[in-house]
Amino acid sequence: MIHAFCTVLDVHSVAQNIFVLAFSSDTISATVLPGQFVSIRTDESTTPLLRRPFSVYRTKGERVEIIFNVIGKGTASLSRKHAGDLIDIIGPLGVPFNLFSEDYDTALLMGGGLGVAPLPITTERLLHAGKSVVTFLGSRTAAHLVETHLTNLHVATDDGSKGFRGNVVELMQNVLDDKRFQKPKFFVCGPTAMLRAAANVAIARSIACEVSLEGPMGCGFGICQGCPVELLHGERKFVLMCKDGPTFDVRRIVI
Amino acid sequence: MIHAFCTVLDVHSVAQNIFVLAFSSDTISATVLPGQFVSIRTDESTTPLLRRPFSVYRTKGERVEIIFNVIGKGTASLSRKHAGDLIDIIGPLGVPFNLFSEDYDTALLMGGGLGVAPLPITTERLLHAGKSVVTFLGSRTAAHLVETHLTNLHVATDDGSKGFRGNVVELMQNVLDDKRFQKPKFFVCGPTAMLRAAANVAIARSIACEVSLEGPMGCGFGICQGCPVELLHGERKFVLMCKDGPTFDVRRIVI
Amino acid sequence: MIKTSFHLAGIELKNRVLVASGTYGYGDDCLDLANVNRLGGIITKSLSLKPRDGNPPTRIVETPSGMLNSIGLANIGVRKFIADKLPFLKTVKTAVIANIAASTIDEYCEVLDLLEPEDAVDAYEINVSCPNVKEGGLSFGTNCELTAEITRRLRTRTRKPLILKLTPNVTHISEFARAVEGAGADAISVINTVIGMAVDAKTRRPVLSTITGGLSGPAIKPIALAKVYETSRAVKIPVLGIGGIMNATDAIEFLIAGASAVQVGTANFIDPATGQHIADGIQQFCEQQHISDVASLVGSLDASSDVSVIHSWL
Amino acid sequence: MIKTSFHLAGIELKNRVLVASGTYGYGDDCLDLANVNRLGGIITKSLSLKPRDGNPPTRIVETPSGMLNSIGLANIGVRKFIADKLPFLKTVKTAVIANIAASTIDEYCEVLDLLEPEDAVDAYEINVSCPNVKEGGLSFGTNCELTAEITRRLRTRTRKPLILKLTPNVTHISEFARAVEGAGADAISVINTVIGMAVDAKTRRPVLSTITGGLSGPAIKPIALAKVYETSRAVKIPVLGIGGIMNATDAIEFLIAGASAVQVGTANFIDPATGQHIADGIQQFCEQQHISDVASLVGSLDASSDVSVIHSWL
């Protein structure tokens, strides 16, 4: 984990209201694992005051990319950065997806909306490790889809403007009903409702499932206790999303 | 007085840390008088929260220019505006210099630092009205001087890198000792210490003198009572810098 | 059609957005920049018996997302207000609420007595964040009994709505709310400014001439919301919510937390038309949410847990 | 060489910058990001007798230039702290101050008794912003007598420095400062968080699971400065200033207003090395201003007027 001012390489729009920002950091690029995130101080101002967490989207050489939706002040400010600007970054942070276990052969990646963020880096590392990868991607409309750097892609849109009309979990269930995957495991990232639906499917079908959670964070590195995630069982009631997550086995936590 | 979102025409650096920003407003351009100011919301953010006042520097057609030093957040943000951006402006505000009185023939304009701001528009209108104009300009170094759009210019720098070495009031006194001006009147803008020095000279030599004050403002249009200026005599103790000024006859107020 | 109007102890306000005392002069300063007739009401600058010059400069300083002021209640005095400002205020189509400040209880009464015959004054708001000369300058508003006493004394002299404006600089603002309710107040305004201070590190001097001043603006919005929540649960009379309201969403948050109406203060310095924009924005919100009467937002906080303001571990 | 060190009731701090309770864990979380040995001291997360899970989500929300928290004093409990965290804290070259929270006076004493044999604990800071179970959950810290009583009881059990951390959510914080000074406190910390609230207009729900929470960050800096000014003039014991300190200039403002040292809280979440940068910045400021001992900044406010905190018209 490092804390550094990193140079912005480029920022460009890739879909409606969605941007990819690339910055340069050989340390982060070399050490980040799929599902980990970086924490960015988007401004020197006190509005926003706190850092903003973003999953790492892709890496290449010393280039690290994040992908984001413009939601509020922090992301608006990021979208206005220019090549050469310096941004204050801490990372990589958090527990990555547990990709390299022997208990599965086919990774079923699932992303809803900006939940696509960790999927490209995950895909790359999985393929490298010789796993099969199938991807399910959902979004509101075709204009909000970012389909690049993914493999074996199945698409769902709420309005049916592309692919399956409906949500991505329904699509994934349809596909599961049709096809049989060799020892599958889910890796899911997206809005809470979608994570919950995916977890239910996984549990019902006895498929291993890891999710990447989203929620408010104060610090991103474990000192504020602001990001509790409730455990299903265990001696403690809560763990921390930033330090013990953001990725969790769905059998461990209350989503 | 209008309140409008005006289009930025251009922003460019004219001296060390000094920028000219031009925006488009036919109403302001047509109605502003020398010594009046505009009040700008530099950001939609709450930091800075309040508007920032700036003297009008020049006008041409629907083009209105301000000149400013980058001091804090507000001016930093203005310096980063681009052509086409919209900025939230109220103006023109305040009481202008009393230029069109018959009690003088030669206007002696004096600017210290960014006190140069109202002098170009003042010069233009004075020349148009057939007055003689002599200008005294002071700054820290030659790199901080903005000498354009002025006439009969005498320059002082603290470090002597251009013109007279010393402050602009000393320079002006030297010139006054040498030359005799036909029925002179001072119009002075700059830091408080300079205004005070200029006022003392004016009073000692029985020359009419108006100053343009600077200081914190809450609103800029008379509703917050945040900008008191102490009167030397009169029934009230204070008047308001924004509404009753920023220009004042030095015989009326405590500087 | 969405119902926006609101009955405040007998007077009808056309909507639930007012401009706060001291942030809109006497209503006649911003005619080029705003339309006062689209407000629920105008609350005047605090009026004292004698004109007040106010404090020497520096009177204001910006702080992170806020500002400190120490105006010193500069005002033209109640008599000049009646002579010079009321004629204009008679012509406006919005409620006119006279805010009163004083340094003795008798003086509060005298100012109210002078205003009482004026039909153009629809209601009174009482500023109790004033130094009480009899108690060495301690603010009336930090003493619950004195605050109730002021209310009682004024109540006997007027049938017009009497609104007590409370200070947040007390331990339990709900005690004050209950006390003034018991003493006959028709409504309470919450909050006045929070005591704060700014220091210039270079000169080692306080920035304000009075050392401390009153903090306002978005920085205090969370504090104001908590005080509105606390007071509105303590009393039955309406609460007017104030503190850092910049836009319709902020205003709606106050209504939900328990305010029957809101006042816009510092935001007027940035745009004196903020109040009317907020009134429009509340209406739009109701349209989107299929709410037919703004009243149904008031106190509609859906708090499943019932941890109270003062009882939780932080 | 500029003198930066500071004697706090017998213990020597290498400089006047500490990290505030609850904003730095137990000192071992940020080793990659900061050097704790360059701090004047570390104040631990509040320790309770039993481990505490803390409040359910949502625990934090950002506000204009600030944040609200309702962590619920989640902590590992004093015994686990001694077993798991003290071994590391024995190795650091900075003062270690254990912050104690409890819901009865006896419990405060028990926690202190457990810590008392530990040499690695240099001092105690007592968090009185805790719900008092015997009084229906009202915070100890809003009751002056109880706050003094806690101080008295703890004073008899330790000779280590005893620092009382006061809440700003009271009318006259100086009364509390004087009371704890009288009861034997060696220093006071001012301020803990300010009560605040956030509402989600769309869902009409409070954002925090506990409805209200504690406001911190730059938004409260002016409030904290006023409280530090008020308390430091009321007592002779040192005041540790806290609230919205982000950089060396902020810290210097607190020293000038009367703080003998400062604590950095929320800023650690943005950069856990803030404290050490501030320590460096104070030193640089002293160099530039030809000040040989940081002590000479403390309480050096040049206030020509002497209007007091509570006596001015705003």
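Letters are used for the chains, namely A, B, C and D, taken in the order the chains are written, and counting of residues starts over at 1 for each.
One rule holds in what follows: contacts are C-beta pairs under 8 Å (C-beta built on N, C-alpha and C of every residue); 3 or more make two chains touch, one makes a residue touch a chain.
Model, not experiment: these values are computed from the prediction.
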If you tally contacting C-beta pairs for every chain pair, which pair wins? C-D
Identity of the chain that, by mean CA position, is farthest from chain A: B
Separation of chain B from chain C, taking each centre as the mean of its C-alpha atoms, in whole Å: 37
With centres defined as the mean C-alpha position, give me the chain B-chain D separation in Å. 46
Return the residues of chain C touching two or more other chains; collapse runs of consecutive numbers into ranges. 55, 64-66, 69, 71, 217-219
Where in chain B do residues touch two or more other chains at once? 46-47
If every chain is a node and each touching pair gets an edge, what shape is that graph: line, ring, star, complete or other? complete
Which part of chain D faces chain C closely enough to touch in the complex? 52, 55, 63-66, 68-73, 101, 129-131, 136-139, 142, 169-172, 192-199, 201, 203-206, 209-215, 217-223, 225-226, 229, 244, 249, 252-253, 256-257, 285, 297, 300-305, 307-314
Show which residues of chain A lie in contact with chain D when the two form their complex. 1-3, 41, 46-51, 88, 90, 215-219, 221-230, 236-238
List of chain A residues in touch with chain B within their complex: 45-47, 73
Given the complex with chain A, which residues does chain C contribute to the contact? 64-65
Can you list the chain C residues touching chain B in their complex? 22-25, 29-30, 32-33, 45, 53-62, 64-67, 69, 71, 74, 217-219, 246, 266, 268-273
